[in-house]
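Handing you this structure, nothing more for now.
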Amino acid sequence: MIFYLFTILILLLLAPLLLSFIKALKMYLLFKKPVSVFQGYRNFSKLMQKETVISEESSRITRVAPFLVLSPLLVTMFFLPPVVHGAFYVSFVDAFTLTGLISLSTFFLMLLGLDSASAFGGMGSSREAFIAALVEPAMVLTVFSVSMMAGDLGVGQAGVNLAMHFPKAHMASFLFAGISFFILLIAENGRIPVDNPETHLELTMVHEAMILDLTGVYLAIIETAASVKFVIFASLFASLFMPFGLQYAAPAAMLLFVLKLFIIAAAVALIEVNTAKLRLFKVPNLLGIAIVFAFLSLITFYVLGA
Amino acid sequence: MIDFLIGLFLASLIVALFTSRLYRLLFWYSLNSLTLGLLALFIGEELDDKAMLITGIATIVIKAAGIPYLLKYLSQKFHLVRQIQPEIKVQYAIILIPAILVFTFYLSEPITHMIRSGSNDIAVSISSLFLSLLLMMEHKNVAPKIIGFLCMENALFLLGITATDGMPMLVELGIFFDLLMAIVVINLLLHKEEANQ
Amino acid sequence: MMLALLIFPALMMFAVSFFKNKKAKFLLPVTSFVILLPMVKLFMLPKPYALWGSYLVADRLDTYVLLVSSIVGIGVTLALLTLEKHVRVSGNAYRRFYRFFAVFWIGLIVSILANHMGVYWIGLELATLSTVYMIKTNHTSAAHKEAWNYMIVGAIAISLVLFGIILMYASAKPVLGEDAMQFDLLLAHAKEIPSPFLFEMGFAIATVGMFVKMGFFPMNLWLANIERASFYPVAALFSGILESAVIIGFFRFSKIAMEVNYSHLFVFVFVYTLLTIFIVSFLIFRAKDFMRLFSLSGVEHMALIALFWVSGGTFAALLHFGAHAFLKPALFLSTGVLESNGKYRIAGALRGYVGKRGTMFWFLVSLFLLAIISLPPSPMFFSELYGFGAMITVAKESDHMLAMIGAILFLLILLSVIFYRFVAVYQSMKYEGKEEEKHVYTSEIFALLLFALALMALLLPQTFSYLRGIA
């Protein structure tokens, strides 16, 4: 139980760090002077102290929604696969629940964007809805397929099973699911080929457009939600698609897990540096590839058993 | 590990189907060949088959490095069109590709029962044969068609490696020779294209 | 030793094609003629004669095919002498044509003599790739397009053949090991193949590949367009030589497939060829120029040869094959003269010949035209007689006799459509249109005479007995 809570705490603490790490790595690779990796914490504390201004046009939803954006993600954190051998974990939560919780958070984020009654908010929400609608089927398929390979529909149990006896015979479908999930990780977190988190250019922004009107505490909450979402996806990727190291002693396993998270963050940063942002109407192509791979992984598993 | 490489083989082919740039396509072809060569090396190691090790190395040297480099050189020399938009729209391709895969996986089921080793390798190679035909179909330009043909060669090679535990050495070298001959002919055809303009 | 002798003229031709002076123009045809000598030598040798271990073995079937091919090669070379007088061709392209002709010969010799599926495939691929450039000798954009077309479709067809070969190899490997690629061993052990379904699957795929290459059912106009776009000697090479390399592969594969499961093989080939002839007969009916007409009729004859072979009429198939291999190149070569006043003028094509050479030319061409629709005494008449006889024998033994006889009657109706069209074309050539003067050159007369003599040689009793001996 102690490991369980400790893991969640660590993940929460790491969340802003990871995003800042990506940012710093990108700046380093572009020969800029990198920001500190602790910039995320600084932003958070600064925003907490700032005054919160709410638009006159907005309704009650704006006051409630930020919490409703964060809370499903926080709940999801409790359902992640364990990091340390012997730790407590929730075994019965399946792909649908996880996807549903994440979509719930996205839903309130979209509501928040609409509620601000500015043109940007509505635009951002519609774009987000467009992307989310394509991400969800692929997400369900992918996690489902991995759970099938692991022999248990519960994601937590699947993570343990994968780490304990890795299904070597299903390496091919495992690989397809991995490719699909990585594309989803990029798409759902609004990283570069899909959305650029660093710009406020009206033509391109998706996530930023929705939270343009927020200030102070609410902005801090939403930013935290974004980083928590990234850490959820990264840790799902780490425990489902890099399933090794669970059997080590607790500190080593924990350290290895954190290292995996950083590797994933570095991979995302590298992709961001190397690719240009896609036009919004090209995004379905990328997500289409994700869907193809998710489906492929499932049929390869079922038909070929590979 | 073999399953992993086979997955990578198919994955690189599927990504190649969605590519709209020539050099990226060459890169995916090169990756495709690289996985094929590694596969040959692994299987050769497993079977202790010297001939297959040689073909694996030859595949990596010729197909993964030589031919993509040569094609890139040729495309620069003859100013081939580098923006190759697939004719089949992505939304249809998303439906078509899984359909092809399901079809070929079920199609190859009776065959896979008859071959002792590596049953799913055969299904993958047959489906990649069909996918490379799709790659040839969905482009109007010449260069992607050539790459589709080379991918088809790769798929056949995969079938040769996995279904039969390696063909006779002579045949495999002969196939390589013909591949080089094909490149020479392609070079000549491109050459004449330039002369005509 | 014998192998070196066989390949030597081709290598010579390859080397000579690099010479840039005037002499090369005369040396190239000479080297091309020389190819016949080792072939005749090989023909005389006792059979089977191992040329290169068990990979290349000369037996009665392949020496016959090779001999026919080399005679066609000489005829084509004769016609090539005056190519530049009919069409515009640069000296460079001419030499390069010979260079690839040499490569083509090597591929062809290897694939025809092969006793090994893999070696057969390698030779076939080499021959296919080398023809791509020959199409390109014609400097038009149509020829360029068709060369790419040939490259791509030919590559797909060839890949299908390789695919089938791999499956067949996989099916026989448990019994024969690494030797499962040898035709003679496969034939001897065909009954022991543990998974006949796999073999039949491989055979079907390889056959579809070969059929596509010969212009069968889905790709009927493919070959016709290519032959239209290229120079006429290339079309002659295609129909006379390249298709013989393909059909000999079909002969060998189907021989094994007969042992595995005869009824499956027969139904597959029968339905496929019937479909092909059904479509081709109507395409012939609509053909408006000589190249397409002859090329489509070539498809029809190839389908008939395949059909005769699988019906057990080995003799009929081989006779038909020989007759077609001589007749079709002769007709293709004569199109160079026939079309000298524009491509699409069938009417009056046989009029306006003056002098001895002219008279001889139109006489020979009319003979060939009437022979290709198997009027007696053409060898095709006898081969079709024997072939249909063999088919009826098969029909009698089969369970669905009436359906089979009906199908054969249907086939005869389709053939009569083609017959009607050719007679109409002949009449139009002879009795319609304006009289325009056309030039005939001595070398073309020689080529046609060579083909006529070879056709007559096919009718000799010795040839008949030789061909009967092959089965």
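In order of appearance the chains are A, B and C, and numbering begins at 1 in each one.
As a working rule, contacts are C-beta pairs under 8 Å (C-beta built on N, C-alpha and C of every residue); 3 or more make two chains touch, one makes a residue touch a chain.
Predicted, not measured: the structure shown is a model, and the values here were computed from it.
Colleague: Going by C-alpha centroids, which chain is farthest from chain C? Tell me that one.
Modeller: A
Colleague: Going by CA means, which chain is nearest the middle of everything shown?
Modeller: B
Colleague: Could you please state the distance in Å, as a whole number, between where the Cα atoms of chain A are centred and where those of chain B are centred?
Modeller: 35
Colleague: Starting from the mean Cα coordinates of chain A and chain C, work out the distance between those two points in Å.
Modeller: Going by mean C-alpha positions, chain A sits 64 Å from chain C.
Colleague: How many angstrom between the C-alpha centroids of chain C and chain B?
Modeller: 31
Colleague: Which residues, counting only chain C, touch chain B once they are in their complex?
Modeller: For chain C paired with chain B, touching residues are 55, 103, 116, 118-119, 121-122, 125-126, 129-130, 132-133, 136, 139, 141, 144, 147-148, 151-152, 155-156, 159, 162-163, 166-167, 169-171, 173, 178, 181, 194-195, 197-198, 201.
Colleague: Give every residue of chain B touching chain C within the complex, in rising order.
Modeller: Touch list, chain B to chain C: 110-111, 114-115, 129, 133, 136, 142, 145, 149, 152-153, 156, 159-160, 163-165, 167-168, 170-171, 174-175, 177-178, 181-182, 185-186, 188-189, 192-193, 196.
Colleague: Can you check the complex and tell me which residues of chain A touch chain B?
Modeller: 168-176, 179, 284-285, 288-289, 291-293, 295-296, 299-300, 303-306
Colleague: In the complex, go through chain B and note every residue touching chain A.
Modeller: Listed in rising order, the residues of chain B that touch chain A are 1-4, 6-8, 10-11, 14-15, 18, 90-91, 93-94, 97-98, 101-102, 105-106, 109, 119-120, 123-124.
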